[in-house]
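Same chain, two partners: chain A is paired with chain B first, then with chain C.
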Partner chain A sequence: MGDSAYSFSLTTFSRTGKLLQIEYALNAVQQGKTSLGICASNGVVIATEKKLPTVLIDSKDVSKISLVTPSSGFVYSGLGPDYRVLVRKARKKAQSYFNIYQEIQPVGPLVRDVAGVMQEFTQSGGVRPFGVSLLVAGFDDQGPQLFQVDPSGAYFGWKASAIGKNSLNAKSFLEKRYSEDIELDDAIHTALLTMKDGFEGEMNEFNVELGVVSEDRRFRILTPAEIRDYLDEAL
Partner chain B sequence: MSRDSNYDHHITIFSPQGRLYQIEYAFKAAASSGLTSVAVRGRDSAVAVTQKKVPDRLIDPTSVTNIFKVTDEIGCLTTGITPDARAAVQRLRYEAHEYKYKYGYNIPVGVLSQRLADISQVYTQQASLRALACVVLLIAVDEEKGPQVFKVDPAGHYFPYLAASSGAKEQEALNWFEKKVGTFAELDENETIRCAIQCLQSVTDFRGNEIEVGIVTGKEGKFRTLAEEEIEGHITAINDMDL
Partner chain C sequence: VFLVLLTALSLSTSQQQNPLEVNGGSCIAMKGKNCIVIASDKRFGQQNTLISSNAKRVLKLNSRLLCGCTGLTSDVQTVMQDLSHAVKKFKMSQKSHLEPSIAASILSSFLYSKRGSPYFCETLIAGLDSSNKPFLKSHDVLGAGEGDQNFAAIGTSASTLYGLCEALYKPEMSPDELADVVSKCIF
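Up next, the complex of A and B:
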């Protein structure tokens, strides 16, 4: 980052005290495909639309949800290439943590590290902010957790949240259906119903992706067959 | 400086709507060469075909090419501004051979595509370097996954494709392929070559020596380009089929 020819930050304060590049980055996120997450009492689920521009793309090898530690995963809304960079950096940081402490990096510290990277790109010379918001799902000694990280590097823990195009509708949908003691299976059904609510066209097990972590602390991406089962139950 | 949001057209910073104009312009530059390329994945081969236009009769036609060998097993087809394309190919060759040196085995084409895509992403985020104005199609037969076609674009996107296109008639070629998407998996080597040539024929006009064809067949296959006579042979076969 320090080796670019620009030694000044591109993200500077406007006269009214705003950081416009970050606001514009948030607009880029708003235009991205919808993703959401729900934190249940015994696990976390994250979901996203997987709409590829053409049927000619071999979609079974394409995945928007990524495993970062054995117990946590990311999903995003916004610019795909920027997301790949963050996943790579987060995986490396998690591996360094493991190298030192010989245990899996917990969700809070992981989120703090990723958010730190995103903040650096709002202040360093010659770079623009990341055009993604992340939803981080994980299970550690503090239990199941869901975090949202924005292009500014700000992060919050959420009981349920949505990002991207349909986030406003999705969040009100989620507000009605969320309860503190919701269980993971219910949360998965609710996630699918929420995705379906704002989905353009028919939603099936091939154009939606689900990632889940439960008390076993193993984050996994569900197969289309498993999604099909949940869809049949939910609808 | 970024207070003047007019700079969002000059370097890769966000516009008020959250767009990256420089990247959108890079796509336009990549399509500006006027040529179209396609690639298809068959049962055990991956084929790439591109138009070849020699701009001046005095130019040595053997020096004009958009198909390059990256490693013995991986070939690539570039569409866009030639100098940028050559820079991308140099980088691909370096990355592939560095990987072999470090890890002791051939780089899988998916990993190489991701590497190029990640490098392209850096250009979209650093103000000091512009994006490369070329779209790269990589073809190979992977040990585990069989024939593969990857497309990498200036924005840093990359996807595995059953069939892909890029350049001036990208959308028309894509539409042609989409109608036949179920048939690719059963095509043998010759059928795959003919499918790719037919697609290009239907969206552009060319004579026999105005296209280049690159192909990899079989898990032990090496990337090679077809000679003019072989291409003529396929075009004749296609014409015979139609009659």
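Up next, the complex of A and C:
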């Protein structure tokens, strides 16, 4: 990886024992648009702002939420292009898994694979860490799961979490509204309310994206019409 | 020394050896009502010479999953070790129960990865899945699987065993009936 002139790792320890490149990568994530996820008792929902800088941008083909296996999807906060690389690698790894085991890669192993890739980029020559944190939502034999993966490669399982610009407020909002037995439809409403709380300007079905996986184990990105319905119910 | 001489003699006087028949051995498995039975012979020979009557041909992957392998003994041993290794790795990285279909897929892709220079080993995976339904799948040397069979036989007397299975098999047999039928077949 990288030029022969850069066969050393650019991510090196500071005197205080920190990897500053990773700290800076986390700063990049903090600057990114808010994303959040809620793990309900019968499914998982992930959501993100899709605010485009100008009306001239054609938003039809822009998708921040991505399907990675039939049962799981990603969303991110941070640098979009870095995210696309991760999605591509994760999809390939999931497909290799399927080639051997003939079953859909479960969420845990998938998260570990992605986290492994992100860690590689903190310890390889000539590369920098990814400037994204991921939220991974999936449903497998262990039930519905939500994971966060950071630029360092550290991953955490969450019942509900938020990343990006408004993550602190969003997390305290979620803490108040989360309950262990929350159902998926409630979780979707809560997700939308949480997004609205920190949204600058008017939130509608075109500037948010929602991804959902329920007991049917099929991860789907909701259409604007479906988001409209949920928004009407929630607000 | 005498044994080695004898084996050398028997080898030099034989023609092209089929690697699947040099060491001998057969294995049979059958599905019953929420149960499976797997049986194998214990002969390990070199052509006509008997070397041991205690060959291990059935590998226990876990309390609900068994794998029978026949063929060239060195390949049988390697496949059993490597499958056991892959299954342990799987168990460590995933908390979920190992389904027989997963074990069969692991075995299949493992055998096919040696497409250019195959393991001379036919295999049989028999077990119960998480809903207690019996699972049975046999593979050829390249990992091609025969799915969802009611009974399967591999090894040197496979054709004879299949004949007996066809005659004696009944669907949904209890564990005792099944053991009875399979022991009739293998004897």
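What to note about this one:
Throughout what follows, the second predicted complex is superposed on the first by the 232 of 235 C-alpha atoms of A that agree within 3 Å, B and C clash if a C-alpha of one lies under 4 Å from a C-alpha of the other, contacts with A are read in each partner's own complex, and residues count from 1 in each chain.
Keep this in mind: a contact is a pair of C-beta atoms (placed from the backbone, for glycine too) under 8 Å apart; a residue touches a chain by one contact, two chains touch by 3 or more.
These numbers come from a predicted model, not from an experiment.
Steric overlap between chain B and chain C is absent once the structures are superposed on chain A; the two fit side by side. The partner of chain A that touches more of its residues, comparing chain B with chain C, is B. Contacts of A:Ala225 after superposition: neither chain B nor chain C is touched.
In the superposition on chain A, A:Gly126 contacts chain B only, with no contact to chain C.
In the superposed model, A:Gly108 lies in contact with chain C only, and not with chain B.
Using the contact criterion defined above for the overlaid structures, shared-chain residue A:Leu52 touches chain B, although it does not reach chain C.
Across the overlaid complexes, the C-alpha centre of chain A sees chain B and chain C at an angle of 110°, to the nearest 10.
By the document's definition of touching, of the two partners only chain B reaches A:Gln30; chain C does not. By the touch criterion defined above, A:Thr12 reaches chain B but does not reach chain C.
Here the smallest spacing between CA atoms of chain B and those of chain C, following superposition, is 25 Å.
No residue of chain A contacts both chain B in one complex and chain C in the other. Touching chain A in their complex are the following residues of chain B: 1-3, 5, 11-20, 110, 114, 117-118, 120-122, 124-129, 145, 155-157, 159-164, 174, 177-178, 181. Of all residues in chain C, those touching chain A in their complex are 90, 93-96, 99, 101-102, 105-106, 108-109. Residue ranges on chain A touching chain B, taken from their complex, read 1, 4-6, 8, 10-12, 14-15, 20-21, 24-31, 52, 54-58, 61-62, 79-82, 84-85, 88, 121, 126-131. Within the complex, the chain A residues that touch chain C are 99-103, 106, 108-109, 112, 140-142.
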